[in-house]
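Next up: some structures, all given as structure tokens.
Next come two complexes, and both contain chain A; in the first it sits with chain B, in the second with chain C.
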Partner chain A sequence: MSMIVDRRNVDFLLYEVFDTQKILSAPIYQNFDRDAVTAILDMAQAIAEDKYFSCSADIDVNEPRFVDGGVLVPSVIKDALAAYAEAGFFAATFSEEWGGMQLPWHIYVQISNLFTCANTSINSYAFLTVANANVINTFGSDAQQALYLPPMLEGRWFGTMCLSEPQAGSSLADIKTKAEPTEDDYYRITGTKMWISGGDQDISENIIHLVLARIPGGPPGVKGISLFIVPKIRVESGRSLGELNNVGLSGLIHKMGNRGTTNTILNFGEGGECRGYLIGEPHKGLQYMFHMMNEARIAVGQGSVMSAQAGYLYSLDYARQRPQGRLPGEKEPSSPQVTIIEHADVKRMLMAQKAYVEGGAALIAYCAQLIDQEKLVTDSTEKKRLALLLEILTPVAKSWPSEFCLEANKLAIQVLGGYGYTREYPVERFYRDNRLNLIHEGTHAIHGIDLLGRKVRMQGGAALSVFLEEISKSVEDGAGYESIAPFASTLQNTITNLIEASEAVLAEDSLRRQLANATIYLDAFGHVVIAWMWLLQSIAATEGLSGNDVVDAHFYEGKLKACRFFFTYELPKTKAQFDLVASLDDTCLNAEATHFIGV
Partner chain B sequence: MKVIVPVKRVIDYNVKARVKPDQSGVDLANVKMSMNPFDEIAVEEAIRMKETGTVTEIIAVSIGPQQAQETIRTALAMGADRGILVKTDETVEPLAVAKILKAIVEQEKPELVMLGKQAIDDDCNQTGQMLAALLDWPQGTFASEVKFTDGKLQVTREIDGGLQTIEINMPAVVTTDLRLNEPRYASLPNIMKAKKKPIDMKSPEDYEVDITPRLNVLKVTEPAKREAGVKVESAAELVKKLREEAGVI
Partner chain C sequence: MSMIVDRRNVDFLLYEVFDTQKILSAPIYQNFDRDAVTAILDMAQAIAEDKYFSCSADIDVNEPRFVDGGVLVPSVIKDALAAYAEAGFFAATFSEEWGGMQLPWHIYVQISNLFTCANTSINSYAFLTVANANVINTFGSDAQQALYLPPMLEGRWFGTMCLSEPQAGSSLADIKTKAEPTEDDYYRITGTKMWISGGDQDISENIIHLVLARIPGGPPGVKGISLFIVPKIRVESGRSLGELNNVGLSGLIHKMGNRGTTNTILNFGEGGECRGYLIGEPHKGLQYMFHMMNEARIAVGQGSVMSAQAGYLYSLDYARQRPQGRLPGEKEPSSPQVTIIEHADVKRMLMAQKAYVEGGAALIAYCAQLIDQEKLVTDSTEKKRLALLLEILTPVAKSWPSEFCLEANKLAIQVLGGYGYTREYPVERFYRDNRLNLIHEGTHAIHGIDLLGRKVRMQGGAALSVFLEEISKSVEDGAGYESIAPFASTLQNTITNLIEASEAVLAEDSLRRQLANATIYLDAFGHVVIAWMWLLQSIAATEGLSGNDVVDAHFYEGKLKACRFFFTYELPKTKAQFDLVASLDDTCLNAEATHFIGV
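Showing the complex of A and B:
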């Protein structure tokens, strides 16, 4: 068994639960078929295992260092990214015009899964570069595209996303970085950005920062933020590299996990003029950035699922080998010990991990193929529906894995007992890596507020309606199978709770009180979505089992078990959560700062 | 010159093999399969010889089930030119493989057959030698370096205790060892290009080879678990143990 992927599950999601074949049949994807996708995944898995997985423990200990004002990144990270570039993955999803292969996004997501699970902190460099290139490709001028895209898509220049500042993380309305117009075609950028992943490194020849900044005189708040391309090294005509562009590196931030990715504080305009090039129109920067955020946020959820998958596969393998104890009732001390996978509680911990990891993986796969479908459909009503569905699922795809796949990492440590708590085994590292995902790309709280404060009420509740329509279709499908019907009806009841809680919130006058328990709502809403994903998987597994000559019976039976686990052990928790949200309880809202320790 | 590179579909080297409960073999259900790593080295070497102009055409041959076609595609994506799949769902032992390869060699008339020194599933290390014998060609086995000069091959062989360099006449059979090269990964564009390269579909009957196994597998078991080690106090004690208990010196 591979320690980074269950390929059977990948095929199950692509070809049995969701309909990859349908997407691949679109004329623009005509070159791809199942064999080609398999060959690409094989190749990606080989690189991920050889170059990414093999050094994941090493770069956690020997992390990038700040030396003489610059950064030294371990050579294994450079080698891994060189192999990624050589295989053509930076350009994979881009059109042939840019040397790409026009690979469907949802296939690229499966490829990224392999690299992320193998070594999430190396993959961040590639992910950020592709996301950055996507922004330039969508909103940059023809000249900007021609200048920046080719070296980025060859993997020679990397990209970053510079939003956060020391005083403005969750609240981007408060960013202060300034962009002053000049007589030339550029703006003069000054200000400090913090937490910038990949903000400096010695891997790529140049770094292209995408920076949010204010043009003086613009409106306050988020309506006055513009987006700029700021190269680390100035780019002269013919794309040759000129002088340094005065992006000062104050130092590296020392993180709990994800240590292979550098994290930086950058001072723009320190020591001289820093030139930034406006993307699109002034004051629309956040809008442009958020266009990419669906993909970026789904990618955060994906990262979380993959860190959990690494722990799940490791602890599963361990549990099958570690002998310890005897089963209840076995009184003979000289009888052989059982392997710990025989203990009911260890099975519970593995089943919970399976339910979280494979439930999360299904959601990521589903969202990724919605992104492709949205691009492909021509009917404008259907396009709008898909866009709304993605809007409402995105905070869930980002946040649910961050919370519950982290729980899976906790359980992986627990399966290993004391060994799990040591640095000789990788499961504590997977936990540390995953802990980030609740924080970046909007904290857990921010997504709760986004879901309850914006998404469920957008366009008069249109996104919520589309979501409820889709989930109801699956409930109806599930009701048609005798063995699945009870789960379908449980899900139906839970949806009723969700609707009641949402309505109770909307009926409340005080916005503060409405949103006071938004995080609880987010978690419960997420559980409904994941229960839906398990319903879909159990339908596919039941179909799989009904065929002739089933070679995969254990695989399908495992899916049915995990579905049952989720509906029996997890979904009932949402009743209490939705009731709490519906009660508009204000215990926390009305707690004063002095209530905590009396002063 | 034309080169034939046989490629075998085997259990992936990263996969932890599990023995079937009835001890009849290794459980291959849902297990990732890929090209035998030594064969990848052979493909890589042939491609490098093509890149330097020594080789003009590389034919990747696989003998196995329909899915072995994927293994041929991998070779094509790395840079081989065309493929031949000899399709069979039966177990094929090295002798049967060597006989089929001999028949293919007689049709294709290559000057070189480059094989992995062994396959990591059965570890037989026989096919290349048998093929050389059947063809009555010179062989350079366990190659860690191959040089083509003046119509001859200089093959550096990894042997117990060192390296041996031999010169052999062409046509020849070469089997590759681990240190010969580091095979490239296929790239995304080349995987797509490989889809258009031709693969001939054949069967053992086309070559009139009887592939009936000559060996009878009695049982397959997991290797014995390694026992915990002991710490020795001194070098003298180590020598004593090696002599008396291990019997190795």
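Showing the complex of A and C:
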């Protein structure tokens, strides 16, 4: 079995749970049918296994190093990204006009899954470059697009996003980096950015930073932030590389995991003039950057699912091979040991991983197809509806996997026992890699506040309504199957809890009290969304099983099993959570600093 | 503030929650009063901070190395253990007859907490030596005691426990190491042991291994296992060291955390005769070893609480100093940032850590005083009652902290945000250290089976009855306080759920189905125990607050707050868990290997 993908599950998501054929039937995707998609996935899987997965342990130990003011990145990372570029994946979703493959996002996500699962920290360089190029493609001027996009989409120049500063991580309102206008076409950038992934490396010929900075005289807070293109090396006419642009590397940050991706502190303009080029209008930078951030947030969720998938597949394979112990009641010590997959608790740990990983993967795929659908529909009401649905699902797609797929990684270690705790086996590394995802692109708490403080109440609750409409449709569909009806009914009851909790919060006067338990709400809301994803999968599996000459019965039965697991072991947890949120409990809100140790 | 201990909380546990004065009033502890105990704790804290905490980051990076068939341990580890030995702590609980301090276990645990919190991986060497010496002291012959105890209690010789083998980790019935009788007073040991902590090092003058092995001709399974003393270097008369005893080091195992403790694969008798000395009678080895294992299991729980305490104190200190963001509703971007401890979700994460850490610490202290009480009481019925209580609490004391205090470490990282994910800050290390505790001394699942499959039903449910009696007394006590009565009532309801789930399990015919959800039961049972510990603490805090001229009001209020947190945010989770256990759900039990990915 492959250690990076269950291709049967990819096909199941694409063609049985979601209607990829409909997306592929759009004129702009006329080059692709199912066979073409399969061929692309085959090629991607081969590169991912050969170039990404093979070095994942090595780059954890031999991580990029800070030498003489620059970074030395291991050659295996360069080789991997060169293969990725060679295959054209940097331009996978870009139009043919830019030399792109013009693939739907939905398919791109499945391709990207392969590379992320194989080696999440190498994939980050590509992801950041593509997301950066998307911002330039959407908001940059024609000249900017013409200058930067071709080398980025060829994978020769990489991109970054530079938001945080040492004193302003979660609080973007407090960033201080300055952009002073000059008489030329550029601004003079000065300031320090921190936590910049891929902020320096010796892989690409140039690095294109997207930098949030303040133009003097603008409004304070987030309304006075503008967005700039800041190349590491200045770009002359004809795209030749000129002088260094005074983006200085102060140092590398050494992380617990995800070590192949450099994480940097960058100084802009300390050693001389650093030139930045305004994107769009002044003071609208955060709005533009959110385009990239929303993409990045779903990608964080995706990364989390894939780190967990790596642990799931590895521990599943291990559990099938490792003999240890006997079943309860077996009193004959000379009887042969069973493989550990026979033990009920090992099955539970594998089933929980399956439920988290495949539930999360379904949600990421669902979001990806929403992005395509939103692009394809012409009806403006429907477009708006899809956009609202994506708005409310984005904090969930980012956060739910980073919490529960981390738990999956914890379980993968546990399946291996002592071996799992050693660095000789990969599962502890996947766990370390995944711990990042609760933090970057907005911490878990920030997404709780985003969901309960913003998304649930936006446009008079319109996003929540669309979400409830969609999930109710699935509940209705599920109710039509005898074996699924009980789950549909359970989900309906849980939705009622969700609505009651939401209403109780909105009826509270104090905003601070409303949001005091937003993280609990986020986790419970996420469980409802994943239960929905399992309902959709169980409907598709039931359909699959009802066909003639079913060759995949075990696969479908496994889906039904995992659905049952999620509804029996997981969804009931939300009752206590929604009750707590609805009670507007203020235990934490009113705790004082002196309550913790008495002084 | 100290980063390794809240001494106010130590005093609270010793003198307000539990009745340490009563233990100290026993004749064998006549050398100690509260002042003497405080002086010993002061000395221990000074050594722990100076020698243990100061090098904890260093030994994570520069871990012991395998060089030329031996181990090189960093000198800071040797210095730390020398200071520990110098202070007499190896012999802390041993009688004056052996030159010991003759301290109650209850006090020793508080001392040990300091070293464990400061540096869990250095403390393991001392713990293993003391636990090993306890076995020899309890089951060894007079001659064995006289030979081995003095140098061990002086900290010149260290001890280990050698149970697992490569093919037999959790399944001790399958160990193969052989002990063949000779015509002399020793057996000839051959075999391989794995996962042996401190199995080799260059710190102590000798290493005394306690080895489980089979004498040929004995019964199969665990009933044919005997226990042997196997020195690394043979001990001649007069305790001089002779030849090497052919205990070969095959290699070091490289762990995710806890890196200062060597973890080894040992070959016995491969390079020549390896002599082992039988302890007690043949085939009773596992019974003797359980003496050490039970001690080790509570120590694992203790280690887990202390790794979490290290993260809690660090993240609390950080949260009080780090400015970031503004409170919900504050719309003025030029207003000053607040320290992050002002944010409701940061308070929640700190309160959860407090609830887990101080709840767990109370349980470990409770178990320690049970050990003392059991030793001190003369009435045999009461002795038996206390022993039963300790029996049923041991799997909980081992397992609950390793699950929930690991969660505390996860939250400590989250409080620090990006910084928490870097190796420049210690919280990621505490998390890595703590991940071990779900695995060693019996995995989480094994303790679930121990609790539900053995302890709950032992002697016709006698242990469960004693437990329920004790907790009911506390519920009754709590009901007498107006402010605590609601929690007492909630706990009573949860106990009813626990009893119902237990009865449902016992009414089921199939043993395999009974135990299918034993891990869920373990977690929920543990939450009941910790709720009990919080009830006891809230009673003590209420009493403390009711005094005249209270100087510790914030401390006591914090205790009441954390109790409320546990009862509001945590205990309600058990409802779904007990319901699941009571339903005897077989989703996992009946999952088949092919259900996971369809093949």
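One rule holds in what follows: the second predicted complex is superposed on the first by the 599 of 599 C-alpha atoms of A that agree within 3 Å, B and C clash if a C-alpha of one lies under 4 Å from a C-alpha of the other, contacts with A are read in each partner's own complex, and residues count from 1 in each chain.
One rule holds for everything that comes next: a contact is a pair of C-beta atoms (placed from the backbone, for glycine too) under 8 Å apart; a residue touches a chain by one contact, two chains touch by 3 or more.
Here the structure is a predicted model, which means the values were calculated and not measured.
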Contacts of A:Met256 with chain B and chain C, given as first, second, both or neither: second
Which superposed partner A:Leu468 touches (first chain B, second chain C, both, neither): neither
Touched partner set for A:Ile413, first chain B, second chain C, both or neither: second
Partner chain(s) touched by A:Ala57 [first = chain B, second = chain C, both, neither]: neither
Partner chain in contact with A:Phe555 - chain B first, chain C second, else both or neither: both
Touched partner set for A:Met1, first chain B, second chain C, both or neither: both
Residues of chain A contacting chain B in one complex and chain C in the other: 1, 8, 552, 555
Residue ranges of chain B touching chain A (in the complex, touch as defined): 12, 14-16, 29-30, 32, 34, 70, 73-74, 77, 185-189, 191-192, 194-195
Residue numbers on chain A that touch chain B, as the complex places them: 1-3, 7-8, 31, 35-36, 38-40, 42-43, 45-47, 49, 83, 86-89, 92, 101, 103, 317, 551-552, 555
Complex contacts: residues of chain C adjacent to chain A: 1, 6, 8-9, 164, 167-171, 173-174, 194-195, 220-223, 253-256, 313, 316, 320, 323-329, 333-334, 337, 339, 341, 343-348, 350-351, 354, 406, 410, 413-414, 417-418, 420-424, 428, 431-432, 435-436, 438-440, 443-445, 448-449, 453, 511-512, 514-520, 552, 554-558, 561-562, 564-565, 568-569, 572-573, 575-576, 579-580, 585, 587-589, 591-599
